[in-house]
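Two complexes come next, and they have one chain in common, chain A, joined by chain B in the first and chain C in the second.
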Partner chain A sequence: MITAENLQSLLPFSTVERKDSVLTLTVPAENLQEAATSLKNNGLDYLRDIVGIDYGESLGIILSLTPTKEPKTIVMLKTSASNRENPRLASVEDLWLSAKLYEREVHDFFGIVFEGNTDMRRLFLRQDWKGFPLRKDYDANPKLNPVPTENENLEDLENLPKISVNAEESFEKQHFVFEKEEYVVNFGPQHPATHGVLHLRVSLEGETIKKIDPNFGYIHRGIEKISEIYTYPQILHLTDRLDYLSGTINRHAVCLAVEHGLELEVPERANYIRTIIDELTRIASHLLGWGCMCMDMGAITAFVYGMRDREKIMDIFEETCGGRLMANHSTIGGVMSDIHPNFQRKIREFIPYMRKMLKEHHLLFTNNPIARGRMKGVGYLSGEDAISLGATGPVGRASGWSNDTRKIEPYAAYSKVDFREVLREGGMTFDRYIIRLDEIEESLKIIEQLVDNIPEGNYAAKTKAIIKLPEGEYFQRVENARGEFCVFIDSRGEKYPYRIHFRSPSMTLVNVLKHITPGTKIADLIMLGGSLDYVIPCIDR
Partner chain B sequence: MFHFKQLTDWIDAMLHTYLSEGWALFVEFVIVGVAMLTVYAVLALLLIWAERKVCAFFQCRLGPTRVGPFGMFQSVADMIKILLKEIIILNHVDHRLFRLAGFLVIIASLCTFGAIPFDKGLHAIDFNIGVFYLLAVSSLGVVGILLAGWSSNSKYTMIGAMRSGAQLISYELSCGLSLMTIVILSGTMQLSQIVEMQSTGWFIFKGGIPALIAFVVYLIAGHAETNRGPFDLPESESELTAGYHTEYSGIQFGFFYLAEYLNMFIIAAIASTMFLGGWMPLHVSGWDGFNQVMDSIPPVIWFFGKTFCCVFLALWVRWSFPRLRIDQLLKLEWKILMPISFLNIVLMAIWVLLLN
Partner chain C sequence: MEVKNIKIRNMKPENFKDNEYLEQYLAELHAGGVNIAVAKLDDLINWGRSNSVWPLTFGTSCCAIEFMALGAARYDFARFGWEVTRNSPRQADVIFICGTIVHKMAPVLKRLYDQMAEPKYVMALGGCTISGGPFRKSYHTVLGVDKIIPVDVYVPGCPPRPDAMIYGMMQLSRKIKVQNFFKLPAQPVISAKNSGETDEKGGDR
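So, the complex of A and B:
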């Protein structure tokens, strides 16, 4: 059991606070490594995210940790570097596989150098970018960082600065991502199979992949930065643009976080509608993911079938929410509008239709000998690696990691429905493929239980015209179609958040891709990308 | 009963009465060339339209509907568009080879096209080693593809070309071996004679089980030869954007495009010639009434009917199967199809011995 007392005795130098299920540990910067190591050794094996935050006089990071044995518990490990000019913190790269990427993100936006991290390139911004955008004293003058007008080669990406823990001076350029004689192929940023503007540099040996290096940031919009000057209802609209395929679920997360902070009681009717819409979104997203994966393997007809069935859901959304892709339906305190008179009837028609079509999809693609041959024995992700990489969602569940937030911490109407968390032990591409189709079945079950029982009443609670969140830190997690989507809000009692951070499940999935592709073929890279089903705007948020 | 041979013989006689030997031959060459190119282009347009319609049918769509009845002139419009498009020549390519590649591909498929007997006497060339010629000429196309990939000086095209080389050369073997099975059965390599010999029954029936196996192997291997799904690795759009022809534009791309569709037709045409009796109507010995009815259908219709059935099969496979991976592709050929083909040749030899 992880309790406040346990942690206090384990880490005597820390201060422990408890708020609901969240334990906050504050440790001095020099004890970070020690604290992280002992937490890892005490079963906190899932590093959810590293959030950077500018406290004014110091720059802080928050490591969000969870033991997979007690998934309800959340431990926030806080520390801060007091030197703003040259902030340095110890890296936890060797403890969690996911840490390297998270630290790069914090480094990019806050300029904190993680000593011991072997890859301290910037993650989203250009390598020559001046300033660190999420610091409060950032100078956004466009003259500082002019738009480049000349063609550039990728030389600057080749250099991988290595930082040794003992060295006085930083940035020793010691080794390269790729050797000079390697055959490196660029996949993306404009490529039909990267599902968005992702740039993968792939080192090949014939058809076999030796190594890949993902490169993000081509469509980074700075949503976290923009949100700091937006009010909470305005921020909601940006969440749909993160992972646009599970937009309603992301929006739901922010609504829940703000409602939690305001201690607002959401009407039961709104909870039911939100849950139904979320599950419809999940089905639509899985259908698209399924179709895209099939298309990545060359079966274009399967893609069209996926889109055809998704269209039915889009039609339901259009009537009730007004939008198709960006449903914009949840709002603080409830939902924007009541359901359309056709809503329930159309869903009742959709459920048997979808069940029938699922059979067809299995017939067309799952049982196809070529498809089976392609997916069998490729892209193994072990359960341990899945946890260490933070691969939540269907990908983690395909490796046997039970991580469904809907089960762990039921929100909205999930506590009232009976459904199964689909788990598979294989960890192969085929498991990741089939788990999505099985989850569609479970989502249909959830909708079936809710659609006829939507209670009467208001669809939204009354809120004040200007929503000010009380001072404090708020954390909310939901299960979106790709995994655990989290919102972290640091409020100073204003109508704007002081800092808002979104945990992107897709970013870890690209990390998984990097982890499982070496040794596979080019065709497998594309298929594995499809099986992980990442969405780039969620990474480049 | 009308045969094109009567028409061609009449033209030949006409020309010889008015012109000297040399000029008559020259005019004939021109007529044959023009006719072939026209049929080639029209067939390609027809096939493109058919593919779009069939594919739309499989995918619950409508396909082209706007231009002409059932969108029939859509591919004509597309052709005009592709002819008007700018040809972008990149700086870093090997210009001479880059331009040559498209021609090589299309010439290879045109040469093969000329040997196909559409009807009695309706073929440009009728060698006594027709099958051999077909195999030799059709495999020239791979040179064009390799050149295209190599001269484009891009990594994607290079990978596409290498895949294509490995694939075409491998599947050429099964293709050739399954055609050889029929050569054993017929005892001749001349295509016109092979068709004539099927007047008493198509080889797929006459040859029994070995012929059936050869037919299936040929369909698979031939489909792989056309670089179309599930064997479209050289141009797999989800991996290599467009494979070996990524850098081509305008009509230069059109050459590859045309050749791809025509190759599909040629493979189907060879299948129908070698296995399904070519332009020969379906005859069942003893059923004289039935045979007469069958005879009343013109042979050209028989030929195109059979060929389009095979083409439809190819489209069906293409739009329902996912793509193979390169190692699976080679495994299928070298470990499955080729041993079967070798065994099948022996089987066929035994069959022929038993029959005689």
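So, the complex of A and C:
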């Protein structure tokens, strides 16, 4: 059991604070590695995220940790580097598999060097980018970083600065991602099967993959930075465009975080509508994911079938929310508009239709011996690795990790419905494929229970014209179609956030791809990517 | 001057807006004067070209999902002969830019555009490709793809509905139909100098 007293006695040099289910631990920079190691050894095996933050006089990081045995507990491990010119912190790369990528992200945005991290390249921005954009004193003059308009080759990716722990100079030596004699194939950024603008460099030995090196940033729009000059209702519109396939769910997360801060009571009617819309979004997302995965394996008809069923959901959205893909429906205090008179009727018609179509999908594709033969026994992800990589959502659940936020911390109307968290033990591509179709069935069950019982009343609570969030830190997690989506807000009592951070579940999924592909065939790379179903704009933000 | 009756199936000429630029084209063509045989051959070629415009898939974010919806069963752009989405720029006639273009992507987009064979066309879908859209204030967004490559048709929306995309495609079809295939207008030059500022040459060809 993780409690404040336990942590205090475990780490005597730290200060512990408790707020709801979040325990905040502040440690001095030199004790970071020690604190992280003892937390890891005491069961905090899931590193959710590393958030960088500019405190003004110092640059800080926050590690968000959870023990998988007590998923309700959240431990925030805070530390900061006081030297702004040359900020350095110890790396926790060897403790969690996901840490390397998160540290690269913090390095890219804040310039913190993690001693011991073997890959300190920039993650999103170009290697020649000047400045660290999420620092408060960043100079955004476009003349410093002009738009490159000429063709260019990708040589700058070759060099990989390595940092040694004891070095006085920052870049001790450089090593290469790939050896000179390796056969490297570029895959993306413009490629229809990468599910977005992901750039993978794949090293091959014949047909077998030796190693892959993902490159992000081809759709990095700096949402976290622009959110700092937007008010909370304005930020909501950007969240839909993070992971556009589960846009309403992301938006829901920010609404919940702000409502929590304002202690605003949301009408029950709004909670029901939000939950139904979220589940419809999840079905639409899984249908598209299913269709694209089948298309990646050569079954183009499946894609057309998936899109056909998805259009039914788009019709429901269009009537009630006014938008097809971008529903823009949740708002702080409730939803934008009441439901359309056809809303309930159309959903009642949709549920049996979708059940019938699911049977057809199983009949046509799941039971196809060629498809089964390709999916079974490929791309094994063990439960332990899934936790260490932070692979939440359907991918983690296919490896037996129970991580459904809707069950752990029920929000909106999830505590009122009866549904099953689909878990599988296999961890193979086939498990990740089938789990999405099973989740569609569970989502239908949730909608079925809610749609006839939407309570009467207001659809939104009254809010002030200008929403100012009281000072403090706010954290909210929701389950989107790809896993745990989290919002972290640091407010200074203004109408703009001081810092807002989104945890992208897709980022860890690309890390999973990097982890499971070595040893598989190049033809399976596309299928494995399809089975993980990541959305790149959510990673790049 | 009236726009010559360009036949587009399912849509009458008076239903189109923005006919001025086509009138301008026609005025230029009439001023030059064309030999009848060449003009008839031109019509035939353009009839073929405008009904088999093959798009390059270039989806960076949200608009790409609507583009996929456009290709799927309900909207089905195969009706207009646009069905073969190509994954190689060498085989494509038009590039659909679906989604925000950022600093890191800009050289890649330029490269793809350079690799396409003439005559080539560009459709900018969505607010981000037109002006930066909701991300206009960001440090990493290109404020409109016309800073990098010339654009033929702009389709606003966030994201535009598939119907709006079809309207944009129709406009491009019309544009192709009035062009003189043997004397295509020159490509405007977009240099690094004027990108980032308001450009005079980009935009309409």
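One rule holds in what follows: the second predicted complex is superposed on the first by the 538 of 541 C-alpha atoms of A that agree within 3 Å, B and C clash if a C-alpha of one lies under 4 Å from a C-alpha of the other, contacts with A are read in each partner's own complex, and residues count from 1 in each chain.
Keep this in mind: a contact is a pair of C-beta atoms (placed from the backbone, for glycine too) under 8 Å apart; a residue touches a chain by one contact, two chains touch by 3 or more.
Computed from a predicted model, the values in this text were never measured in an experiment.
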**Asked** Of the two partner chains, chain B (first) and chain C (second), which one does A:M326 touch, if any: first, second, both, or neither?
**Response** second
**Prompt:** Looking at the overlay, what does A:I526 touch: chain B (first), chain C (second), both, or neither?
**Reply:** first
**Message:** Touch test for A:H191: chain B only (first), chain C only (second), both, or neither?
**Reply:** both
**Superposition-derived comparison: chain B or chain C, residues of chain A touched** = C
**Message:** On the A-aligned overlay, A:R308 touches which partner chain: chain B = first, chain C = second, or both, or neither?
**Reply:** both
**Message:** Contact-wise, after the overlay, does A:L363 reach chain B, chain C, both or neither (first, second, both, neither)?
**Reply:** neither
**Request:** Determine, under the contact definition given at the top, whether A:R241 touches first (chain B), second (chain C), both, or neither.
**Result:** second
**Request:** Examine A:T149 and indicate which partner it touches, taking first as chain B and second as chain C; both and neither are also allowed.
**Result:** second
**Asked** Thinking of the overlay built on chain A, is A:C294 touched by chain B (first), by chain C (second), by both, or by neither?
**Response** first
**Item:** Touching both chain C and chain B, counted on chain A across the two superposed complexes
**Value:** 191-192, 304, 308
**Message:** If we count contacts the way the header does, which residues on chain C are in touch with chain A in the complex?
**Reply:** 57-62, 64-66, 68-69, 72-74, 85, 87, 99-100, 102-108, 110-112, 114, 134-135, 137-142, 147-148, 158-159, 161, 190-192, 195-196
**Message:** List the residues on chain A that touch chain B in their complex, please.
**Reply:** 183, 185, 191-193, 204, 207, 294-302, 304-305, 308, 364-365, 368, 370-371, 373-374, 521-526
**Asked** Within the complex, which stretch of chain A touches chain C?
**Response** 124-126, 133, 138, 140, 142, 145-152, 189-192, 196-197, 217-223, 225-226, 229, 237-238, 241, 244-245, 288, 303-304, 307-308, 310-311, 314, 324-326, 536-537
**Request:** Sort out for me which residues of chain B touch chain A in the complex.
**Result:** 55, 58-61, 155-156, 159, 163, 229-230, 232-233, 236-241, 319-328
